[in-house]
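Below are two complexes that have chain A in common, paired first with chain B and then with chain C.
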Partner chain A sequence: MAENTTLTIDGDKIAVPAGTTILQAAQSIGKEISHYCYHPGLSSPAMCRLCLVEVEGAPKLLPSCTTQVAQDQVVFTKSEKAQKMRTGVLEFYLANHPLDCPICDQSGECDLQDYVFAEGREHGRGHEPKRVLGRDDFGGDVLFYGDRCVMCTRCVRFMDEMEQNSLLAVVERGDRSVIDTFFESGLEEANWAGNVIDICPVGALVSKDFLHKARAWDLEHTPSICPNCSQGCNIDLHTRDNLVHRIKPRHNSEVNGHWICDYGRGNYEWLNRGDRVEAPMVRTTEQIEITSWNNAIESLAKCLEAKKGDVRAVVSPFWPNEDLFAVVNLLDVLGGGDVVYRSAKTEEELILPGFNGLARRRDLAPNVRGADLIGCSRVGDDYGRGGLEDVINHTGVILVLGDPLEEIPEDLEFKAETIVYLGAYISSVMNAADFILPVTTSIQQEGTFTNHNGRVQRLWPAVDILGAARPAWSVLGELTAILEGGHPSLSKVDQAFQALANRVSEYAGIAYEDLGDRGAQINDTISVMKD
Partner chain B sequence: MAVTVKSMHRPDPGRTSYLRAALKGMFLTLRHMVRPHKITQQYPEEQTELSPRWRGTHRMEVHADGRPKCVACGLCPTVCPANCIRLIGGEDDQGNRYPIVYEIDEFRCIFCGMCQEVCPVEAIHVGRDFENAEYSRDRFVYDLDRLMNADYPVTLLWDPEDQKSE
Partner chain C sequence: MGYPYSHDQEVPIISKYLGDPEARTLEGWKARGGYQALEKALEISPEDVIEIVKDSGLRGRGGAGFPTGLKWSFMPKDKSRPHYLLCNADESEPGTFKDRELIRWVPHLLIEGCLIGAYAIGADHVYIYCRGEFFEATQVLARAVEDAYSAGFIGNNVMGSGKNIDLTVHVGAGAYICGEETGLMNSLEGRRGEPRVKPPFPAAVGAFGMPTTINNVETLCAVPPIVKNGGEWYRQWGTEKSPGTKLFCVSGHVNKPGNYELPLGFPLHKLIYEIAGGIPGDRSLKAVIPGGSSVPILSAQECENCELSYEGVEEAGSMLGCASVIVMDESTDIVHQVMRMAAFYAHESCGQCTPCREGTSWVTQILKRIEDGRGTEEDLTTLIDLTDQMVGTTICVLSDSVAAPVQSSIVKFKDEYVAMVRRGEKLGIT
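On to the complex of A and B.
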């Protein structure tokens, strides 16, 4: 992009592409200008009057969010005039604000708190009674506290421009104006309305699910990939006490912009499941015994050695690429065999019309594309059930990764001689299993998911590993090394990814370290975004 | 630093009488027999007046209708340097934010009084109390009911007449 406009912001000379706004230009050199109505994913109405800056030669202060840069422009964001104006505007914002920060969920991540702390008056001067509106249930997950609203209309513009279903509007005029819904149902029918909670700069729109659950400063943020569908939206997992408390979108212009759907946002409780396998177990004659990893892997290796070419595997598309590849690789070493997976599929996609290519996809698992590319084949129906007749009737070894096979009745007799369950959750398949090896889930380990569009994106561990669980690629890597005889075992996830990239042509040329927090398109290393 | 040597000149033990010193000591004993001077405080019959700024075990202020004043804002567990406050917030049937669980571990507490200072609704206070012996250790984790029912006066960390310490 041609950098063809030079201007000066607070004494710093910079060059930016023509058409950039002053606010974006300032942000590009790390200068924050206070703003409410401007949001990088939405249009700018320049109505909050908080981003006004002084421009040399301009008779009045200009809104930096809509004013485009001009050649040799001289901008002062912190001049006395601009500062005084912002302090004044902030005082007006507080005229009707209830100052209920102690009971407000936004407290700690609130733009009004930050801006008033930075640029507001030290003491309020108002003594008039404040407007009281109370709160209103907007439907869905959204709760509206009218008193806290600063009328930036980001939420209205999100519904107009992104969801393109104008369920929110500003009603009344002037100082009585307030955000409201049209009908009783409110935002009930919307599929992306949760985003208005994220973009609300103050505590006016809050999540009912998260209400009073935790304080913003208590939560740890870990970048991750949404595990609820194959779109692969970039998210931040907000955790406290080793539990996921909420899911927030993370910006990635290639995948999801600033947005995630309500389905993905609300569907996090299963990540906190406590019924976990915590120790490796091996069946001896009749009962099952807890043992060490070394014992378990060695005896499993012996068992597999004797059964070469007679192994089938069932995997789960909720597990990362490295783990799925480790299963396929192990079966290759053992002389081949089918690897199948099952995945639930919904009727329709839920599209966000305002953002190109973003939808809640039909496949409700994060790594379906990855499983396909790595060489697993899909079986079963659209509920993620059935399709296991071949596996149940198989007489050799069955290796299960992740899939709890929950719909299979407990008394069903597997025909297999040996069943290996590499899983994170306790399941009925454990009754029949001969080897039970605890593995970590995608939020406990590093790894990658491949989204429906073929974008490989990284995961980071967000919560602690329970018990003796290990990543599946590490367990299976060790096993493969023993079976191959002395081949060095994998010790790091980037080696596991490298092994995958070496074998599966679509992943060739992608390096784990280069994925960053943006991911890379398969077979297209040029498009790796570095931000 | 210069080193100086100071030599002590003591009287020769063989040529000194200790009679005068012995009599002086006996006289002191005699005086205390006749007119005793008690230093030991006869606690618990006698109580010391505590300073108005004494920081002792906590107390939670309550509203007139018996609800705790606490709004579960989470500032006291955040500011607490000893990490002794456990708080889980929630919403009551009138839509007010309130503490479902509010516990203070008085063993961990270092009685700095920062919880009282930070409280935006003047709910949690350190009290003018120190008699908190118990028969078991677990009784030292004070729950919300116990904090609300405490009957000792609260600490005045600052003079209410002069809140800016002028």
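On to the complex of A and C.
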């Protein structure tokens, strides 16, 4: 236990560990002190001069982002002196700011707007022409609007300290200072540059991809896990009109800190795929027909009942643990069988040197570790293709979850008697399938992914379900219950997770509701112990 | 001797050999008693050297006037990490030209001072950071350093004492802000010349992250005579709070501009009218900037009884700074002068802190507008307000330096500003 320091902030007496800064101490009791250059993930240069507070006995106002707490310190964040100074500093920020909020992407989530609204002057006093720097393409997805920049240098420090590839720098000095890249090189050489857009407190660094796409206040934010590799970065999905518009990092010190990679950030459009299976279908003699869920599940149950012990399954590591486990569980009930998955694997990891344990991992699917733990085996090549010879030549029942088997020719003759496709996307396997059951994707349902390091993390529905799709765990749970003879089926995702935790020893002791928005480590009873 | 002018009321301690080409050479310097103080210092303990300097009451000559001996005593005694002595030769305050002359004429005095200082604080390396534009001075200094190395005053086993002290002359690239001590350290390390947040102070974390002391050229030049003659000897000049002598850089409207070494506490009036030969054409005095462009302007009336000591100038309403006396007679356009100074600071602001980055240029633009006849009286209030917001809110004091002349001139010469505004109104261009 670190030694505590007692101090008073605006009349509230608090105790914080020694070495805490005044700004962090204030944050710990819910007091936000305006700041630009300070970012919890980076060093503090104390140069924006917005977080200055009055400390009793100090001759000058002190920057709260670098000043450490002292015993019996008395801090005033809202004293007349501090307030007046902040109003003054904000006036300086606006001296050359273009005030182009109506066409600025940051509008609505802009610190300058918020701070000026809270503490700025009512009217400007500037009669001077504003400095014009214009727009600059920094490379990659990053666009720079120089006029909006507040020179907090967070972006420069991110590239120096986190990516450790100093592609950005402050050029010139005084009011001619501007952030710039070096000659021909730009942020296209970086792998994590998108983070500078997130940490830019104003609209100076914006995403080209997101440019003028949506207003910040129209977007809904849903916590989620990045589906693009096995690192399991915590993200927020920003959606509007049932479409994902962008991916933003969500802080989790155990996984990704404040950051995500450009690869993960940029790969979201596939989440909006429109070629979706929307209704359950069952093949009757030659034709496949849309039917009700009840009918589909009942006829599938009958079909499976007759063919017990003869099933092969192909699953996708893009589907949550609960769904994958439901497949394994079903096969167990039917008498066993191999469950395989395929996953693309790149040649190298893309490490963020400044943050321990963060990288774009080689496995480009979010739940590879989860699939392994559940007992699925990996087949195929590093492109996530092939390896299905056993399945294609299988003569009994084939169950496919998620994997659209995209490389399989449309007219391929399966040897199987029955093919069940639980999928979200239209697939050529549907030509041969006897049962087509629409399931939800990971951004439409609750569930968990297990990252490469064994951290189980929750998902929340971010977009509406299309058509009649249901989570696979629910469909398969119902099916299994029928096959087991009236066994009560699963009705909630936590039951589905519990079923998994009861069977897979690594998850023992973890309860779904305890995962929260930060997740829990497998094989680690301490992290899941309740107080 | 003095250079280019001298006066018999001067007390030439460090400026004795200004203008004497022979004093530049090692042989010539030794013939003038050079390196005797170093020899003496090496015979006594570093603590004793610090004690002597403390006794002398020598205050930093770079502008802030911090007691030198006390500053040296802040250096940690633990010598497991390298210690550095930096000599600030980035003299760029408008109106100041003392360090350049010292380096040009008595480089060995500076080197000797540096070596004594390094010995006192336990530094094994001295960096002299020269302003980028000091072409001739840097050449003279580099030659002197070379000579001192070959004579065994610098390097391994300094004067047979067993001490190793190295000395490097580093040339800056001509940025005013690199004269700020921590900006200088950043620049020396190859970073952007931006002042650092204090704490930590240089004595704990300075150049290259190591304990560092930084002294002005003139301060270090005063050290050898003090060590040689003792602290009491130095106190025979100056006042109780400002002991010793100081170089006064007199410029502007005087007949004999130049450096004059005078005891601290010397009357300003006398400096202008006797030492510097008075104002040309017998015009009357309008204003004086007593300590370099970053201090408040004194009106002629305030100059009357002003004593040139740290406390004396403060009493008169300004600061002694680096004792760069800029004299302005009645023909001076104060608004233009203040605008020129503000423009200088706007150009030299490093751009880190918002109040300075935006404030210095904003203030300059308003002043330019007033000068153009497009100002209003409201602008004067705005100027006071803006400069208020620039005082004490930044990492270093550059923005305070704009506030001082702007605010003091608006208070003391308001009618000149108002006249400019009126002229514009008459012309109908406001």
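Some points to look at:
As a convention for this text, the second predicted complex is superposed on the first by the 523 of 531 C-alpha atoms of A that agree within 3 Å, B and C clash if a C-alpha of one lies under 4 Å from a C-alpha of the other, contacts with A are read in each partner's own complex, and residues count from 1 in each chain.
Keep in mind that, in the parts below, contacts are C-beta pairs under 8 Å (C-beta built on N, C-alpha and C of every residue); 3 or more make two chains touch, one makes a residue touch a chain.
Only a predicted model underlies this, so the values are computations on that prediction, with no experimental measurement involved.
When both complexes are overlaid on chain A, the residue A:Ala18 reaches neither chain B nor chain C.
When the shared chain is aligned, chain C comes close enough to touch A:Glu128, but chain B does not. Contact with neither chain B nor chain C is seen for A:Ala511 once the two complexes are overlaid on the shared chain.
Looking at the shared chain after the overlay, A:Ser177 reaches chain C, while chain B stays out of its contact range.
In the superposition on chain A, contact is made by A:Asp218 with chain B only, not with chain C.
Contacts of A:Pro102 after superposition on the shared chain: chain B is touched, whereas chain C is not. Among chain B and chain C, the chain that touches a larger number of residues in chain A is C. Counting contacts by the rule stated earlier, no residue of chain A appears in both its interface with chain B and its interface with chain C.
Touching chain C in their complex are the following residues of chain A: 45-50, 52, 59-61, 63, 66, 85, 88-89, 91-93, 95-96, 125-128, 150-151, 170, 172-177. Residues of chain C touching chain A in their complex: 175, 177, 192, 197, 346-355, 357-362, 365-366, 369, 382, 385-386, 388-389, 392-395. On the chain A side of its complex with chain B, the touching residues are 101-103, 107, 135, 211-213, 215, 217-218. Per the touch definition, chain B reaches chain A in the complex via residues 71-75, 78, 89-91, 95-97, 120-121.
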